[in-house]
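First chain A sits with chain B, and in the next complex the same chain sits with chain C.
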Partner chain A sequence: MSWDWNYTGEILPDLLSGLRITIAATLLGYVIALVLGLVWTLLQRTPSRAFNLAVHWVAEFIRSTPLLVQLAFVFFVLPGWGLTLSALTAGIIGLGVHYSTYTAEVYRAGIADVPRGQWEAATALNLPRRRVWRSVILPQAFRRVIPTLGNYLIAMFKDSPLLMGITVVELLNSAYQAGAKSLQLLEPLTVVAALFIIVSVVSSLIIRRLERRYATN
Partner chain B sequence: MPPTDTTPEAPTPEEAPKTPLSKTPLPETAPSKTPLPHGDTPGIRFEKVVKRFGGNVVLRELDFTVAPGERVTLIGPSGSGKTTILRLLMTLEKVDDGVIWIGDRSLSHMERGGRRVPANEKHLHEMRKQVGMVFQQFNLFPNMNVLRNLTEGPVHVLGVSRDEAVERARGLLDMVGLADKIDAHPSQLSGGQQQRVAIARALAMQPKVLLLDEVTSALDPELVVGVQDLLRDIARQSDLTLLCVTHEMHFARDISDRVLMFDQGQIVEEGPPEQIFGDPAEQRTRDFLQAVLAT
Partner chain C sequence: MSDVLDSFPLLLRGSWITLQLTVYSAVLALALSLLFGVLGTTRGLAPRAVSRFYVEFFRGAPALVLMFWFFYSLPLIGLRFTPMFAAVLALGLNYGAYGAEVVRGSINAVPKAQYEAAVALNLTPAQRMRRVLLPQAVALMLPPFGNLLIELMKATAVVSLVTIADLMFRAQQLRAATGETAAVFATILVMYFVIAQLLQLLVRYLERRTDRMLGRRPRKGQPELRTVAAGAPGVGGVG
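Let's turn to the complex of A and B:
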């Protein structure tokens, strides 16, 4: 079996449109993960211990079950309850919600890392609680966790082929479909791997830059 | 110029007419002796204050009074409870028993239906307006520049307009000699500069009571004097009630009307600085001073 450049050229447009879907799903899912993760974290810091614990276990449950199962649940089960989503929307939500339970842990650690003296100075200034979070704690916690959050973006990107399981024609699925016609998978799969590497490396570089920028400030 | 004079229109929580303590004895605690005088600047009174950490009783029915505008230095060996006293006043810790008074209002408790109940967040917020604290480790907000460190509280707590807060910040930075650092971030400042910003930040809130907890002990030796000179000026020019923990005897002598010597959460001896440092009556005080001088 030898490499066929012509064939590679033919399938490339399809693969690139698959890549677009993959990137869109990852980025939108990431936004959900970033926002919802913070919600999980803050909901575990309410005055009610029981409530905090309940939230903790829900998040723990989501984190400990496979992403593919959750995707299937959102796409195949929710319609039975009256919530029908497109495959891509279901994929984005599933990816975002699953990873939000990881970012929640990241935020929790980042918040715990803010020195106690910062809380005390905020109290001494009599800042209201919401203001303490907004102006003092969260900005410092964010800065500390930027590298870790960046790594989760890449992890999500690499998990995105699971969306194929709910019929999303993302990068890997587009490769299968291209290969199915010709029964030749070497080129499509190799190109998929190459694209994954290129995007990952580029994202890593961007993340490292962000990291340096916030570390020096 | 005394920092308290710069903005006469700032809210003063002590303005409301007050009922003397003795006329409204509250249940559940022994009636207080005499009401603290209250003008603009409140005094402080600890009444049988108990503070424990687990099984460790740090303050055992501690009683003492600080008059309005009085400047008091707390000295004593490490672990004797000095920081705990300041932290209680800043509401960073809660009393286990007893009452702390700031002016004629209880810090730790409030009245509800004629009964004394533990303070809620609203009451603490109200009481904290009178108190400011400067920490050993500065605790500036590293994510904000110097200006915002100084305006965050006035804008979001005192409700001062941003322009006015900036104006006030400039004035305070002038006073602490750091007008040119207004846009700097704390990490770009020396320890001494950071501490001076922290002092300005505390004063920007226009406290009536200022708490200083070993504010120069984290500084390099050559930076100590600058901060001490600043505090000396502030003490001289303002009518703040001042509680200061320090091991620097010269500084304590300059800054305080009275010195309280603590050991194991209790006052061993008290008096004017000249007497405590020059002619201490108690052996424990003599030992302590000897040990401090030796270092």
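Let's turn to the complex of A and C:
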């Protein structure tokens, strides 16, 4: 069986609409991940050690269990508790919450990576606590974590096909459905794989530039 | 909940498949990452290009897409795989590409003086790699490899979408049979968590052993930004 270009052209509109869903899910999930990740990090820095430890293990639990199972949990279980979500919404929430535990780890490591001398200098200058965070620590931590956060955006993009597990018609699912109709799966799936590889290669170049630009040593 | 507990053997069978998939794919991924990682540090343009190509290609495509491609597309051009083989191949190739970047970065991160000393001692390139560079690089590789191993274990859940009866697949069956949605998914989440923690313990043990072997003091506390960044399943490299 050989490659059929006409057929490839026919399914392209379907794939593009799937790609739109994939990109929307990735970006919205990323916003949740960035914000919620900061919440996780801050909740692990409260004065109560027991509380911090509890938050740490909850985040660890979410991080070390499969995204697909969590998506299924959000999509199939929450309706039973009176919260019915569309598949896409459930997918975005699942993706965002899962990756927020990763961004939390990135924020934590980024803050820890700021040299001790910066804290000591801020203390020596008698800066108020808020000012230490706002003007000294966070700006330095933030530039350190930018490339890694970029990495997780790509990681989320590459995990978005899992949304087909809860019936979202994203890129991979649209290809599968288009191909299943005509029993020709070679072209659609190859196009999807190629699209993912192209996006990844291009973004890997961008991230390498970010790494050079924000290098601290 | 009692329905779920009655069917617990079913879930155990599923988790056995999950473990098998994890081990097979991890072995394949480890072999590929050492091969292509070391190739990526050589001087020759051709081996480096081969390594680059492998990494960009298989890191770029998500494991699920690769799996679908092996499982549904390649039979159409005459290559037929069993679901299990397609899954192991997809996961192994995908995570091998992440691993190759870790290996390459770690070897490059061994202090330059070690390389120069090995040259001064007139060691052959193979001896240099095997006796001097790799043993020190392994200590750097282990923490990110640990992250990747857990990621790999989590990624095996997608094989349920190509009809392999792993833990997730059994859970879906059980959900359909009993309707105990919350109990089923909560149970398997805990099972996955336990597997992940066991793998974590194994990696910690290996890290301690390697550190002892090299006469280093084991690292304490939480991972540094470098390690977190190196474990990121995105596209950036290390070092």
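Here is the rule we go by: the second predicted complex is superposed on the first by the 215 of 217 C-alpha atoms of A that agree within 3 Å, B and C clash if a C-alpha of one lies under 4 Å from a C-alpha of the other, contacts with A are read in each partner's own complex, and residues count from 1 in each chain.
Heads up, the rule we're going with is that contacts are C-beta pairs under 8 Å (C-beta built on N, C-alpha and C of every residue); 3 or more make two chains touch, one makes a residue touch a chain.
These numbers come from a predicted model, not from an experiment.
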Look at A:177 in the shared chain and tell me whether it touches chain B only, chain C only, both, or neither; answer first, second, both or neither.
-> neither
Touched chain A residues, chain B compared with chain C | C
Does the superposition put A:150 against chain B (first), chain C (second), both, or neither?
-> second
Does chain B (first) or chain C (second) touch A:76, or do both, or does neither?
-> second
Pick one for A:44: touches chain B only (first), chain C only (second), both, or neither.
-> neither
Report for A:52: first if it touches chain B alone, second if chain C alone, otherwise both or neither.
-> neither
Which holds for A:17: it touches chain B only (first), chain C only (second), both, or neither?
-> neither
Which residues of chain A are in contact with chain B in one complex and with chain C in the other?
-> none
As the complex stands, chain A meets chain C at residues 1, 61, 64-70, 72-73, 76-77, 80-81, 102, 105-106, 108-110, 112-113, 144-145, 147-148, 150-155, 158-159, 161-162, 164-165, 172, 176, 179, 184-186, 189-190, 192-193, 196-201, 203-204, 207-208, 211
Hey, which residues of chain C end up touching chain A in the complex?
-> 56-57, 59-62, 64-66, 68-69, 72-73, 76-77, 150, 154-158, 160-161, 168, 171-172, 175, 181-182, 185-186, 188-189, 192-193, 196-197, 200, 222-225, 227-229, 232-237
In their complex, what parts of chain B are in touch with chain A?
-> 90-92, 121, 125, 128-129, 131-133, 135, 137, 139-144, 152-153, 156-157, 185, 201-202, 205
Which of the residues in chain A end up touching chain B in this complex?
-> 115, 117-118, 120-129, 131, 135-136, 139-140, 143, 217
